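You will see subunit A twice below: alongside subunit B first, and alongside subunit C after that.
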Partner chain A sequence: MRQSASIRLSLAFVLVAFVCLLFADLQISTSNPWQELGRLALGVVTPDFAAVDYLGKAVIRTLAFAFVGVALGAGGGFMLALCFRHRVIRAGCAIIRAVHELFWALLFLQCFGLHPLTGVLAIAIPYAGIFAKVYAEILDETDPEPAHALPASSGRLSTLLYTRLPLAWSHLVSYTAYRLECGLRSSAVLGFIGMPTLGYYLESSFAQGHYSSVGALLLIFYVLIATLKLWVRPRLLPLYLMAAPFLLGSGLPIAWSNVSRFLTQDVIPAPIRSGEGIAGLGPWLGDLLTDQALPGILNTLLLTQIALVLTGALALLLFPLVSSHFTRRLSGTAGHMVLVILRSTPEYLLAFILLQLWGPSMLPAVVALAIHNGGIIGHLIGQRSNTLRLRPDAPHGVERYAYEVVPRLYGPFLALLFYRWEIIMRETAILGILGVATLGFYIDSAIQEIRIDRALVLILITALLNIGIDSLARHLRARLRLRYRANSRQGC
Partner chain B sequence: MTSLTLHEVVADYGEGRVLGPLSLTLSPGERVALVGKSGAGKSTLLHLMYSHWRHRNAALIPQQLGLVDTLSTFHNVYMGGLPRHSIHHNLITLARPFRRDIDAIFPLLERLEIADKCWNRAGELSGGQRQRIAAARALYQAGSVLLADEPVSSLDGPQAAAAMTALTETYDTAVLAMHDVELALRFCDRVIGIDQGTIALDQPSRRLATSDVLPLYAS
Partner chain C sequence: MTHRLMWLLGATLLLVTPVASAEPFVFTAIPDEDETRLQKRFQKVADYLTDELDHDVRFVPVKSYSAAVTAFRNDQVQLAWFGGLSGVQARERVPGSRAIAQGVEDTEFRTYIIANEDTRLETDAGLSDEMRDLSLTFGSKSSTSGRLMPEYYLREHFGEPPEETFSRVGFSGNHSRTISLVASGAYQLGAVNYAVWENEVEAGEIDTDAVRVIWKTPRYPDYQWTIRGDIDDRFGDGFTEQVQQALLTMDDPDLLESFPREGFIKADNDDYAVIKEVGNELGLLDP
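Let's look at the complex of A and B:
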């Protein structure tokens, strides 16, 4: 019965995705997309590290923003985790983490300009919301007995420091380290909106058609992420953290008049600012909802559902690459390489590249989302499959895939896919900045027109949409009794 | 110290009643052995006592010991004294213990023969060693009453006797759940037998022989 329920649900999702396809704009508009792809591939295999004299600076800035942002986020998140019991804190954290770091960056850009504070806060704030939730979960999962056995009146802080914190420490550290990898990606992507990180140089190299520079930048990025475990050591961490704030660069000075204008005028809804009062608020909001929010929501949902199904399909196709049931030693290593590259490329970066190659439509966004998320789920499912013990005379090849492995992994697979549903939607909204007409497109346009009041309403709607999808996914997981404990917290 | 009392307490698990209603009074200087077969409600009764008496500086040795595996033996024992020190003192001790506290704790560990494991993580140690850490924590706490659930079950004869001697010297008021009846009679002056969640026996131990307690263990 349970089997068939999850199959029915999957089919429903596929059906919805097909209906969405009818309304989606998926054309390739560039005259010669494959030639562009060929030039890019050539650039990646002939990277020109010498052409980028700013390479060292780009790397250092990317690292500095990631370290400072994640450190502040972790510190703030830990404080929030300690009072996560309060409903207000929980709701606040849900909202700040439902707003993508690029949206935060766009807002702070209006406020602080190209000052490092913009990039740092854009990472720190949403990360604090995520850290708060996960840290609180980790602390809650610790054994309560040691705290119970302490003498009465040991004090809340001492109790925490002596029992729950040391018990949870290794989990907290490994999650934070994982999050640092996410922070590195976020930091690189912040370059696309003007921070001095890798994305900035990537965008300008693309604009100038320097594909060898693009290749060099991409390779550097992969190497940074792949070698993270080698150079992020507990002993070196204090050194990095102390150095990072001084390596952010000076950017442009903050114009305090901008900050005060932002806070006292820009964020106030237009009708109130112009003296129409509360009465003008209704029509203003009505126009905003019908002209921008509604089409934005529809496109976001459309793209999300297509990307979700494609992600699932891709993950099911890719996981044998890293599963010991289908690979030998050598092919397994190659498979791991492929999946590492797929999942460590940020969606935004992929979408940006594909957009350059194929021209503007939903296609680059869908493919980018599917590749990145399919890579992550494929990797996790592949790992999970390695824990399966098959009978010695189990069939091989396609039959093994269809009869032995997939049926056993389908539950965890769906659970993971639902975990990523919200993440895919958050990214879908963001990809609007690149020109796809999702919510991000309208938010970006509103900000370009310095209509921050509109942008804020749209960002709030996006956040609520994410929270809604998240609770729907949780509901579906609970109903199908899908669980995926290990690694379920992995997701940038 | 005034007497410790429980009045008509009950414990439910789900729909079913696992303990009580029962009442009892513990006078200062009284050491009680809780006996009875497993599942009779000894642990439940101890936890009830702890929740009622915790704020009168009761020390607890739970059956699962309540150790923090990632901290050293020293720190696990030091935890018994958290309320005696300021928060700064506790914070610094986590990184670098004070000589004064080491000098206070080391003799306790020596007495229980685990001084050589002072700086080992609790999680690395054997069941018997861990049980002695929990005992040392209770000794260091030096509360007004000790509530211990099978505190020496993983220790061999002489070690068990040594640990019991140390505990009873520090705590003249105590409730100890014991499955070793002989040990219970030797170190306690009152025996309370629990059967099916109620008090089936309550006698001074000098009036009891091992054979008097055994019926509690029969089905």
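Let's look at the complex of A and C:
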């Protein structure tokens, strides 16, 4: 019965995606993409490490921003997790994590400018919201018995330190370490809007068609992420954390008057600022909603729903690459490599490449999101499949796939997909900056026109949309009783 | 652990707080073309100004037009090489700031509308209804030559917003990218800064058979150097004038090539009144 409910739901999602396809702009319009793509392929296989000035510095900055941002986020998130029962804290965390790092950075750029604080806070704040939620879930999942055994007079702090914390410790650590990988990605991506990290040079080289530099930068980025486990050791961590703040660079000085100007003028809606008062607010908001927010929301939803279904399909196709039920040793290693590359390439870059190939439409964005997220879910499902024990006489090949493995993994697969749902929507934002007319596109336009009041309204709408999708996903998970452990939810 | 985290939190915040030192004079430029060369292009100018002004002058690269305006507004840079529109945006937000110099070419700037060969639009074909329902890319959203003025003239000719004339309207980000997107056919038409186009044609980087100029806009004022109004109080009396003189007397071809301009002449805020008007009309500026 439960099985058929999840199949009905899947079919409904596929149906919705098909309806979305009717309204989405998915035209292929390029006439001569092969020349550019040929150059790209050539560049990527002939990386030129000397072509990128300041390469070492960019790597150090990328690491420093990630470490400081994630450390502050983890610290803040832990504090928040302790009082996560309060409705206000929960709602606050939901809002701060619903806003993409890039948007936080665009806002902080207005008040702190090109100062390390902009990048650090842009990572730390949304991450604190995520850490708070996951830490709280991990702490809740610990065995309550030891706490019950303590005398009634024990203080709350000692109870936490002596019972729940030791039990949850390994889960907290592994989740935090995982988040560090996400932090590296975020840190690199912040370069796209001006932080001095790898993304800064990646975007410039890409835009300029210096593909050998692109090759070098991508290679460094993959190596950083792939070797994370080798050099991030618990013993070395304090050393990294102590060094990181010194390696952020100095940027430009902050004038605190800018912060107060930002809070008292920039974010105030234009009609109120110009003295029109509340009366002018209605038309201002109305125009903003009909001209920008509504088309933005529509495109965001279309893009998200199509990308979600494609992600699911791709994940189901890809997971055998890393599943021991379908691969041998060598092909398994190759499969891992493929999935590492798929999931650690920022979707922004994938979309950029595909834009050259197919021309401007939603298609590059849909496929980029699907490849990146399909890579992540494929990896996680593949790992999960390795814990399955099949009967010695289980069938092989397609029959094993269709009748043995997929049915057993379908529940966790759907749970992960619903978890990615909100993340896919959040990621459509960054693709808006490439020109796909999602909410992110209009937010970028408002920032370009230095109309922070409009940008803020649109960012809030984006956040509410994300929260809405998140709670819908939670509702669906609960109805289908799709359980997953908090620390198995990986993927940035 | 909690304590260690707290300690780290405090230490980090302390460390990222700025340290006061002798104030350098900082400038930026809008990233209108090849960003990878931005630092190289303008470092030479920074060195030149350091010598001329006998003061530490630094160049800071930014990623977008709005980031340049924001840095200027936030007083993180005191001088900037702006486009027409970004300059107006900046001066509106910083009372007392003024345009002090422009390129010789900037009094008569223009935009080229370029087309991919597959459109079968001929060189100098002019604006025509054959352009309808093709795709078009502008440059940056707040570029004067890449968006504001071409949009204005296209609206004037077709009597409707570009979104209705063309099948798709995009923003490439900068002029070099506009050219490469039109060359690859990703967009059929593009609006590009004439100076960047001429420069790249001269450098042999454009296949002029694959991409051709089909129309040139009338002339309008564009780029300029804009300086904050409080400079003399902070860097000494007459500093603004010294900066202006240094810019006007810049004659090293190697320096001028990075703009690329023949030389610089005086400018003032009123030179850009027409840009402001058009910006208001297109709703890119608040009236």
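Assume the second predicted complex is superposed on the first by the 473 of 492 C-alpha atoms of A that agree within 3 Å, B and C clash if a C-alpha of one lies under 4 Å from a C-alpha of the other, contacts with A are read in each partner's own complex, and residues count from 1 in each chain.
One rule holds in what follows: contacts are C-beta pairs under 8 Å (C-beta built on N, C-alpha and C of every residue); 3 or more make two chains touch, one makes a residue touch a chain.
None of these values were measured; they are calculated from a predicted model.
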Under the superposition described at the top, does placing subunit B and subunit C together on subunit A give a clash or a fit? fit
Which superposed partner A:E36 touches (first subunit B, second subunit C, both, neither): second
Give one of first, second, both or neither to describe whether A:G435 is in contact with subunit B, with subunit C, with both, or with none. second
Given the touch rule stated above, what does A:A152 touch, subunit B (first), subunit C (second), both, or neither? first
Touching A:G280 in the superposition: subunit B (first), subunit C (second), both, neither? neither
Distance in angstrom between the closest Cα atoms of subunit C and subunit B, superposition on A: 9
Subunit C-contacting residues of subunit A that also contact subunit B: none
Flag every residue of subunit C that touches subunit A in the complex, lowest number first. 2, 4-6, 8-9, 11-12, 15-20, 26, 34-36, 38-39, 60, 62-67, 69-71, 73-77, 89, 93, 116, 118, 135, 137, 140-142, 168, 170-171, 173-174, 176-177, 180, 183-188, 210, 284-286
Help me check something: in the complex, which residues belonging to subunit A touch subunit C? 25, 29-33, 35-36, 53, 68, 71-72, 74-76, 78, 109-111, 113-117, 120, 192-194, 200-201, 203-205, 207-210, 213, 238, 241, 245-246, 248, 250, 252-255, 258, 270, 274, 355-356, 359-361, 435, 444-445, 447-451
As the complex stands, subunit A meets subunit B at residues 143, 145-155, 157-159, 161-163, 166-167, 169-170
Sites on subunit B touched by subunit A in the complex: 54-55, 57-62, 64-71, 75, 79-83, 87, 90-91, 94, 134, 137, 141, 143
